[in-house]
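Next come two complexes, and both contain chain A; in the first it sits with chain B, in the second with chain C.
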Partner chain A sequence: MAPKPPKGHFNVLYFASAASFTSMESQPLPAPLPLRKLFDALDEKHPGMKDNILNSSLVTVNLTYVDVPEKDDDPNQVIIEEGDEVAIIPPVSSG
Partner chain B sequence: MDPQATEIQDEGCYVGLTHDHLNAQDIMNRVRSPQAGAIVLFAGTTRDNFGGKPVKELQYSAYNPLALRTMMSICKDMRAKHGLKSIAMVHRLGPVPIAEESILIAVSSPHRQAAWRAGEEALEECKSRVEVWKREEFGGEEGGVWRANRDGIQGDKVPESAPSIPQDSGEGPFGPVIRPRRPGERGHGAVVHPKPGQ
Partner chain C sequence: MEPASSRAEQLRSRIAKAEAELRELRSQLSRVEAQEKEEEASGLDSPWKWPLQPHEYERYARQLILPHVGVAGQVRLKSAAVLVIGAGGLGCPAAAYLAGAGVGVLGLVDGDVVEASNLHRQVAHSHTKIGMKKVDSLADYCTNLNPHTSCVRHATHLTPENAADIVSKYDVVLDCTDHPTSRYLISDACVLLQKPLVSASALRTDGQLIVLNNPPAPSGTKDGGPCYRCVFPRPPPPDSVQSCGEGGILGPVVGVMGVLQALEALKLVAAGPPSSPEVPAPSLLLFSTAGASTFRSMRMRGRRPDCFACGTSSSLTLGALQSGMVDYVLFCGLRSPVRILAPDERITATAYNNMLTDKPGLAHVLLDVREREHYTIASIPGAVNVPFSTLQRTDTGGKDGARPDWLPESLPADAPIYVVCRVGNDSQLAARKFKEMRLGSDRRFIGDIRGGMEAWKQEVDRTIPFI
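Let's look at the complex of A and B:
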């Protein structure tokens, strides 16, 4: 289990190739953050993550899959709030 | 008790994740019913090679709460669609030595046909959707690789640091795509990326 994020932050959870790439299982980031900016924020912390991991991964916020919007100014886009649990979901491989 | 072991149960459906050995008799007993004329059990076991390359052991990890939720959703769909009495699905996590069970699925139904079909469909759905990841350990200095069950057929190697693979946009600058683009391909043969640091 990831530790509770500090005040004003949300947690991003990393699994499988995302955990290997970042050498982390989770990381707190400052909230609020528009979902559209998530990949850039993560790529800044972990250079190359967007191309190598994020572009082939899905994203959940509080256990629900979300679409990362195409446009920056999409008025309906999800804003990640303080205390949210965001997860990067690489292609799965159960069985 | 394993602190990470988790399970959910609801109306003829049982799903679980565990670091312990899987037990076929236990999962069959979970779906056993006087109204059932058939139980179909699937046991997925770990292979000692990937495309001929020797594999020492497998490591599974999961996003536990989401994996359980997805497993339960699959089980409910299968139970309704195939008229099952019961369905149970358990996945093992952590290291799984070669030739041991990594997943068990058991289904029971009044007649065998529905049980066969549901068992197969439940596994395919699980492999394509459940938030569990497999890492193949090759041993020695080689380390391991995360696999991906893309297209529900055979997993692809997922590089930990490698050139990016362009997303298929449907129509590229060279006209409509009539077959899936191969990694690195841009219409003029394979693009060879230099290795980082060279």
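Let's look at the complex of A and C:
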């Protein structure tokens, strides 16, 4: 398992090209964080990640798929809480 | 005496001919043996009253006694037609296990031929089959494994034009291909023709597996499982897509994923039609050898109401697919050749080599921006390695003029910087970045070696291993 996030943080797991892009398997981020702000927060840490990786990736919170709201007034607002496990899963197409 | 190359050519062609003849004899023998068994069975005193043939009870004994298969499951496998698209790292193990389990008809689609670099992972092919069509190699392998499975060879790539014709003949489809365009095309065809799709992929040390469009209800209805577009509505940017040739792949990683695909397909077929109308929540299985947990299963959602292919307002039709109205290449984007540097910012491999031959002690830096593994295999003498991925992460903002570690302090301010990569794309991006970082004075030349290591091999050192 990835290391437990420090107090007041959640863990982000990076798969496939997300791991290559960040050169990390996981990273703690401060919680709570609205899900709609996740991509911007990650793009700030890893410039270019939003366009290159995140926009085409699937996101899960605690092993369950979530839709990342694109607008602030989207009724479907999820807050990422302390201790949550978020996964960034880009499509792998080769085989 | 004839040169070795032409003798080798003659021998290769004689071996190929003899092998083709052997293959034909073996497949004839398999058919006759199967007939022989049936004759034996019909020669018995009492009429044969069992659902499977005697040889089938013997061959499938170990799986017949499992509750997931049983006689009913075996009969379903025998009457099923399964399509494996892609006869590579995923398709080889997947097709082998499907043939072994007694699938009645096994369709194989691939337009490529076997290459030496396939053999570390594409387990149905072999050294003697280099140059042979992959579908023929895999079909021969499966027929040898189980002559009772009838292999259908589609020696072509799947295209929007032929997809409906091929896919419609089968009950279950396995996506064992290697590119986003084929992934979306296969998914769309399966939605339109209502076929469940077992999709897997693998790169480097990671794999993904998901059963899509299961149950395969008509598009627009909520009773069906999600399709590939529901899971990944946006294709990755073309420049971020890596093939196994570029990113690398560990054999067992893709092997595991192919075997799991066969397992999911067998479960689907052997189980028969679902007994309850409840739609099972699909899950995406992630396999990762790098992380601490090897397998992770992610709960997915059902169909996206606004899905382009299976959503309620989808206008996708078979006619639109076949007439090329869905441009998969355009949708997934084309990788455009990088043309960032002006011609006078680039030098040829020959020119660089001549320059150093003329002035062996010339003060300069040659930066090799390939990943470390490529650099370690072989590099140009004197080249310093700073992988492109490391450079990409270097923040240039606000640190203009700061000297990077790879640039020696003792180097004169006007000493040129040359950048080399694999084929001459990343090197342009890197050179541009160094200019933006304002490394050195305006008098300093910063540019790349046109065509990268590939050009170096062609023009300067034919012995250098190039991967």
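Keep in mind that, in the parts below, the second predicted complex is superposed on the first by the 88 of 95 C-alpha atoms of A that agree within 3 Å, B and C clash if a C-alpha of one lies under 4 Å from a C-alpha of the other, contacts with A are read in each partner's own complex, and residues count from 1 in each chain.
In this section, a contact is a pair of C-beta atoms (placed from the backbone, for glycine too) under 8 Å apart; a residue touches a chain by one contact, two chains touch by 3 or more.
Model, not experiment: these values are computed from the prediction.
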item	value
Overlay on chain A: chain C relative to chain B, clash or fit	clash
Partner chain in contact with A:Ile89 - chain B first, chain C second, else both or neither	both
Of chain C and chain B, partner touching more chain A residues	C
Touching partner for A:Leu63 - first (chain B), second (chain C), both, neither	both
Which superposed partner A:Leu13 touches (first chain B, second chain C, both, neither)	both
Which superposed partner A:Ser23 touches (first chain B, second chain C, both, neither)	second
Partner chain in contact with A:Pro47 - chain B first, chain C second, else both or neither	second
Chain C region in steric overlap with chain B, selected from 6-14, 132-140, 150-158 or 258-266	258-266
Touching both chain C and chain B, counted on chain A across the two superposed complexes	13, 15-17, 19-21, 48, 51-52, 55-56, 60, 63, 87, 89-95
Chain A residues within the chain B interface of the complex	13, 15-17, 19-21, 48, 51-52, 55-56, 60, 63, 87, 89-95
Residues of chain B touching chain A in the complex	44, 60-63, 65-67, 69, 91, 102-103, 123, 126-135, 146-150, 155-156, 158-162, 164-165, 167
Chain A contact footprint on chain C (complex, rising order)	86, 88-91, 176-180, 183, 200-204, 206-208, 231-232, 234-237, 239-244, 247, 249, 254, 257-258, 284, 286, 288, 290-293, 296-301, 389, 392-393, 395
Residues of chain A touching chain C in the complex	1-2, 13, 15-17, 19-21, 23, 25-26, 46-48, 51-53, 55-56, 58, 60, 63-65, 87, 89-95
